[in-house]
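Labels for the chains are A, B, C, D, E and F, by order of writing; each one numbers its residues from 1.
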Amino acid sequence: MSEHELRKSRSYKDFQDFRAELNDKILARGTTITKRFFTLDTKTYESGALDVKTKELLGLSASMVLRCDDCIAYHIDQCVKAGASDEELFETFDIALIVGGSIVIPHLRRAVAFLDECRAHADCGAS
Amino acid sequence: MSEHELRKSRSYKDFQDFRAELNDKILARGTTITKRFFTLDTKTYESGALDVKTKELLGLSASMVLRCDDCIAYHIDQCVKAGASDEELFETFDIALIVGGSIVIPHLRRAVAFLDECRAHADCGAS
Amino acid sequence: MSEHELRKSRSYKDFQDFRAELNDKILARGTTITKRFFTLDTKTYESGALDVKTKELLGLSASMVLRCDDCIAYHIDQCVKAGASDEELFETFDIALIVGGSIVIPHLRRAVAFLDECRAHADCGAS
Amino acid sequence: MSEHELRKSRSYKDFQDFRAELNDKILARGTTITKRFFTLDTKTYESGALDVKTKELLGLSASMVLRCDDCIAYHIDQCVKAGASDEELFETFDIALIVGGSIVIPHLRRAVAFLDECRAHADCGAS
Amino acid sequence: MSEHELRKSRSYKDFQDFRAELNDKILARGTTITKRFFTLDTKTYESGALDVKTKELLGLSASMVLRCDDCIAYHIDQCVKAGASDEELFETFDIALIVGGSIVIPHLRRAVAFLDECRAHADCGAS
Amino acid sequence: MSEHELRKSRSYKDFQDFRAELNDKILARGTTITKRFFTLDTKTYESGALDVKTKELLGLSASMVLRCDDCIAYHIDQCVKAGASDEELFETFDIALIVGGSIVIPHLRRAVAFLDECRAHADCGAS
C-alpha cells in the first residue's frame, strides 16, 4: 500500500468523527430552522417512488458537479451501504464529469480514493 | 389556460428549434474537440449498468443544482420520453432543492412549467 | 420613459404573477419535502436576533453572488417593504460586487432596474 | 435568414443599449466603491505583458465557465474588435467547454449566435 | 478537548499567518490592478449607511453560499471583532443554509469549529 | 525559508504523485466515456490557432474563477513549462480576480505559493 493509500485510509474514520462531532454541536446550538433543515435533509433520501440507492446516486451526481468533497464522500458511503456496484458508481461519475467538465476531475480522484476506503471498511465488517 | 400557460406552451417548440439550429451551426464550424465532446455527451446517457431513465434523472439533478434552465428542460424532456413518472420527477426535484437550496426554486418553477408542456406535447402524439 | 424602462415596468407584475402561479402548482403537486422546504424558507426571514430588514439584505447579498435574478428581485422587493433605503441597498450591492466580481455586474444592472420598479410600484400604493 | 437569426440580430443593439443605460444609472447613483470597481474592471483589459486580444480571450473563457451570457457577449464583442479570428474564438470555446462541461453548451449556442451578430454588425461599418 | 478540537485550535494561528505571509507576497509582486482591488476590498466593509457588523454579516452570508472556507473564517473573525453574538451568527448561517442548501453543511461544520476558536482566542486577550 | 514555504515546497511532489496515482486508477477502472474524456482534455491544450502558452493561460483563468486549487496548480505548472513569465501570470491572475471577485483571493494566495514551488522545481533541473 502506497503512502497515499495509507494517508487516505486513515481519513475515513477522521471524516466520520469530525462530521458526527460537529453535527452534534450544530444541533445543540443551532436554531429551529437549522434543526428542521437537518431533519428534512435526512428524509429526502428515504425510499419513495425512487428507491434509496437511486436517490443516493442522485445526491452523488449533484454533489460532484457542485464539487463538494465531503458531500461526495458522504453520498459514496451511502451508495455503498445501499448496494451500489462500482459499475453504477462509475457511470454516475461519468455523468458528473460530462455535465461538470474537467473541473470535476480532482474531485473524481478523491472520490475514487474514498470509494476504495468505503469498500475496505465494509469488508472489515464495520458499519 | 392562463396567459402564462399559453406563453409557456409556445416555448417548447422554440426551445427545440433554437437548440437544433445552433447545434447544427456549432457542429459545422466547431473543431474536432467540439464534435468529439458533443458525441461523448450523447453516449454518456446510453443504457449501461444504469438504465436510460436513471441516467437522465442523474443528468437532471446535476443540471438543477447547477441552475441551467436549458439543461433542465432538455433532461426533463428525455426523462419523460424514458417513461419517468411525475412522482419520480418530483422526488428528483426534491433532492436538487435540498442539495442546492432555495436558489433552485426559480428553476423549479420553470421546470414544472416545462414538464407540463412536455406532457401536453407527448399527449398530442408529437415526438 | 425609455423603451427599456417601459419593458421593465411591465415585468414587476409578470414576475409576481408567474411566481405565484407556479408556486401554487408546486405546492399542489409537490411532496411533503417540497412543502416543508417552502415553509422553512419563509420562516428563515422572520424577525429574531436579527431584524427582518437585515435578514432580507443577507438573502439579497447571497442571491447576488449566486447570480439568480429572480431571487435578487424577490429579496429587493422584500427589502423595500422592510424599509431599506437606497443607500443601504447600494452598499449591499457593493459587497456582492466585490465578493462576487464583475460577473455580478449584469445582475446588478437588472437589480437596479427592478429596484426602480419596486419604488414606482410602492409609490402607487400597490402592495 | 431564419426567424431565430432575425430575433437574434435585433438583440445586439438591445444588449448594448440596456447595458449603456443601466451602467449610466449605476455610476450616477452608486457609491465610490462601485465607481472604482467599474474603473478597475476596464483597466484590467488594457495592454500589458499580455496584449488586449489575449486578455479579452481570458475574460471570455472565465465568463463562459461561470456561464454569464451578458459577460460572454461583451467579451466576444471585445475579442472581435481586437481582431480575434473565428478559429481563435472556437478554440477558446473548446477550453471553456472541456473545463466547464456540457452545462456550458446552452451558453455556447448563444455565444455562437451572438458572434455572428458581431461579425454582421462589424461588416456594416458600425462600431 | 477532543483531538479535533486540538487540531482545530492550532489552525487559527496557521490561518492568520499563511494569509498575512501570502498577502504580503502578492502585494509586493502584484500589479497596480491587484493592489487597488485589495484596497477596494478593505474599504467595502467600512462603516457607511450600514454599520461594520452588518456589512461583515453580509460578507459572511455571501462567502457561505459561495462555499469558500477561508473567506468564511475571515468574516467570522471580523464579525466576532465587530461584536456579533452567536445568535446573530447562527441566524446568518441559517440564511446561507436555506439559500445555498445542504451543500453548505460541510462549510457550516468548519464555520462552527472556527467560531469557537475565535471566541477562545478573544478570551485570551489576543487580537 | 519560513515554515509555510517549507510545508508548501513539499506539496509539489505530493500533488504530482497523488494526481498520477489516482489518474492511473481511474483510467484502469473507468468506462470508455471516462477514458475518452481524459484524452479529449489533453488534446484541448495542444497547439492550434492559439499556441500552447495562451491555451494554458485560458485554462488557468477558467480554473481560478471556478476556484479549483488542483486545476489552478496543474495549469500554473503547464504555463511555467510553456514559458509564461511572472508578468503574464500575474495579469492572468488579475483577470480572474476582477471577474471572480474577492472569493478568488484565497486561491490566489495558494496559486502564488505554488508558482514559487514550480519555479524552484524548474531551477533544480527537474521536469
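Keep this in mind: a residue touches a chain if its C-beta (ideal position, glycine included) is under 8 Å from a C-beta of that chain, and two chains touch if they have at least 3 such contacts.
From a predicted model like this one, the values you see are computed outputs, not experimental measurements.
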Worksheet, complete the sentence: Common contacts of subunit C and subunit E, by label, are A, B, D, F
Worksheet item: When subunit A touches subunit F, do the two copies use mostly the same residue numbers, with over half shared, or different ones?
Response: different
Worksheet item: Approximately how many whole Å separate the CA-defined centres of subunit B and subunit E?
Response: 38
Worksheet entry | Centroid distance [mean C-alpha coordinates] between subunit F and subunit D, Å | 25
Practice prompt. Please report how many Å separate the Cα centroid of subunit A from that of subunit E, as a whole number.
Written response: 26
Response to the item:
Check: subunit D positions touching at least 2 other chains come out as 31, 33, 37, 40-41, 44, 48, 62-63, 65-66, 71, 91, 94, 97-100, 102-103
Discussion item. What's the contact topology between the chains, one of line, ring, star, complete, other?
Written reply: complete
Practice prompt. Please name which positions on subunit F make contact with subunit E in the complex.
Written response: 2, 4, 67, 86, 90-91, 93-94, 97-98, 102-103, 105-106, 108-110, 112-113
Discussion item. Under the definition above, what is the set of subunit B residues touching subunit D in their complex?
Written reply: 17-19, 21-23, 25-26, 29-31, 33-34, 37-38, 41, 62-63, 66, 68-71
Fill in: In the complex, subunit A residues that touch subunit D
65, 97-104
Item to complete: Show which residues of subunit D lie in contact with subunit E when the two form their complex.
Response: 31-33, 36-37, 40, 43-44, 48
Worksheet, complete the sentence: Listed in rising order, the residues of subunit A that touch subunit B in the complex are 40-41, 44-45, 48-50, 54-55, 57-59, 61-66, 71, 85, 87-88, 91-92, 94-96, 98-100
